[in-house]
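Structures incoming, each one as structure tokens.
Here come two complexes built around chain A, the first alongside chain B, the second alongside chain C.
Let's turn to the complex of A and B:
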């Protein structure tokens, strides 16, 4: 098996997949803790569907780098969901559901009407479940993913204390002079960027699991925000690495293998917590 | 005893020939997982420059595409792990004798590039079926 792995690691696209996969896993896990604590777990799912719709339009318009259209549209919808939801009469979860299914349906419709590829079902399957997307990245996509990931990690480290304050008590943060609206806006933009990046790794239907599982697993082991965030990042990176390696060795779809490893890790953490854990 | 030695010699011969055959090509897709097979062919088709000149063995579904009344493209098709995406690679046999009614084939050849409508298209030249 090691011999086979050594052979596979000679291919540059496998190394690219591991680098991008680990970086995306790190990004998504950092913000996953905040999303779970703010009861925004499903926003990832909603934005992933928006990203699918945008990707469908980019495919039909023959964009060389589809991220150039997918990223701004997803960011726009993230802002609309998080900021618009506070002002309109439609509740936040209803807005997420509405934009989510609307984008999914619109994306599939556009792909069907103006199919640029002869293998439509394959394209849709690949985007929804990320079967091998991470192993078929172009050099431009790799550099864009690495650049955005580094930017996201830097933003999280830089605004760690503000994110912490906004996550636990918005009223207290506002009373302490923090611009909570600006913080929430920043968080929504960062979420959108991570969703678009993670779509290459696990596909748009599996992104939520990718964001939520490491955070929930870490919460079973630790109780402080810092410890949970660090543990979540470590678990997410380890699961992504093991998932990618397992999928190329066993010949299974990359996205679902990573999520399966995440789910298994959650099961172990849950059992550890229930039967003789740290708390 | 003679039968035992004969069996051992046969086993060693088969094993050695198998290793020799495996070592004869630069990229042996028949020894890779389905995820790696699809990804390798996808990357080969989309950026062929790094693969040109290498010898390759691949196993997949035999398919033909008629381009005109006199020309037909013969290709080997591989699928990804989920089975929804497929990627084909054209091959040109040295002896010109293409299989009739074959489903799964194993083809060995050298990766080359040809210009079609101004675009570099990857294919296997000097190929042979196994």
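Let's turn to the complex of A and C:
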């Protein structure tokens, strides 16, 4: 098995997939803690479905670069969801549910009616559950991901204390003169960008696993915000790494393998928390 | 000297007016207790004073007060019940008001946080997890955070909500001690008898608005 792994690691496309996969996992887990605590666990799911719908439309319209339509539409919906959610709780999750199933249905409908490709269910399946496109990344795409990730991590570190304040107590943060609305807006835009980027890797059905599992696992183990954030990032990176390697060795789909590793990790953390250990 | 003065202020949401023609003033060193039924507009008034919400009419004068001078103790939210954060992290976040552009806390901020933690007698809890504390301890933590933000005024929204009688009496004493140290206190409560024990002024919201000293309120 080790020889096979060594063989694979000689191919640049495997290295590229590892770099991008790990970076996406890192970025999504950082914001995951905030989203889970703010009761927005499902936002990733909702936005990913929006991205699916937008992608379907872009495919039908024959956009050369589908990102041009997917990204703005997803960002728009992210803003709509987080804005509506601030006022009342019930409205917030109803909006997520509505937008998410609506765009899923609409996307499939559009693809079905106007699809040029003969392998419709194959296309849909790869968008929903992730495709092999993570293995065919170009160098430019890898550098783009690296650049965006560095930017995102730097921003997270700089705004860390403000993110904590806004997550823990919006009213207090607002009274202290913090621009809470701008903060929430930035969070929703960033999460939309991450989702569109990550869709290639895990597909639009599995993406919220990237956002919530590491955060939930970390919350089982640690009790301070800083420790939870760091642990969540570390777990997410480790799971993505193990998942990608396992999927290459076993020939399983990349996205679902990573999510399975994430879920398994959560199970271990949960058991650790329940039956002994740190507490 | 008046720190806050309201003249014929109306409060509410959208087109719904909750409080009409409200006039009162808070001087430096006062302890104002705001009482009234649920829905009488107590929290709305505090949010308006903080500038989180605009008054529907009338004028509010803040005498040279900025965000850094007012400490706010909001009602606890559902989110905080299972929030993984240490006491230290939470108290320190009260210093945020004074730093607009600096991304990190300075050692001066940490000193202020440590001083306020000690002032409320929770220094021994500094590294403990917030969600594992008792209700009374949690309120002290949030009060310490408010103190980090406050130079002159503390605005307290139902500081004893959900506390048992002993912890509540304790909380009142802590607040009264802060008032003796020179902080101006504005506190919301619906527990009339206990709350006004330490207050210097009372504002009653409802059908009939009353504003005056505690003695006048007792006689009325």
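Keep in mind that, in the parts below, the second predicted complex is superposed on the first by the 264 of 279 C-alpha atoms of A that agree within 3 Å, B and C clash if a C-alpha of one lies under 4 Å from a C-alpha of the other, contacts with A are read in each partner's own complex, and residues count from 1 in each chain.
Just so we're on the same page, a residue touches a chain if its C-beta (ideal position, glycine included) is under 8 Å from a C-beta of that chain, and two chains touch if they have at least 3 such contacts.
In this text, all values refer to a predicted model and were calculated from it rather than measured experimentally.
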| item | value |
| --- | --- |
| When chain B and chain C are modelled together on chain A, clash or fit | fit |
| First (chain B), second (chain C), both or neither touched by A:38 | second |
| Which superposed partner A:178 touches (first chain B, second chain C, both, neither) | second |
| Touching partner for A:225 - first (chain B), second (chain C), both, neither | second |
| First, second, both or neither for A:273, with chain B first and chain C second | neither |
| Superposed arrangement, angle subtended at the Cα centre of chain A by chain B and chain C, nearest 10 degrees | 170 |
| Which superposed partner A:159 touches (first chain B, second chain C, both, neither) | second |
| Chain B versus chain C as contact partner of A:186, first or second or both or neither | neither |
| Which of chain B and chain C A:168 touches, first, second, both or neither | second |
| Where chain B and chain C come nearest after superposition, their Cα distance in Å | 39 |
| Doubly contacted chain A residues - partners chain C and chain B | none |
| Touching residues (chain side chain B, partner chain A) in the complex | 31-36, 38-40, 42-43, 46-47, 50, 80-82, 84-86 |
| In the complex with chain C, residue positions of chain A that touch it | 37-39, 157-162, 164-165, 167-169, 171-178, 219, 222-228 |
| Partner chain B, residues of chain A touching it in the complex | 4, 8, 11-14, 119, 121-123, 125-126, 129, 131-132, 135-136, 138, 247-254 |
| Interfacial residue positions of chain C with respect to chain A in the complex | 47, 50-52, 66-68, 70, 72, 74, 77, 79-80, 83-86, 89-90, 92-94, 96-97, 100, 103-105, 129, 131-132, 145-146, 149, 155 |
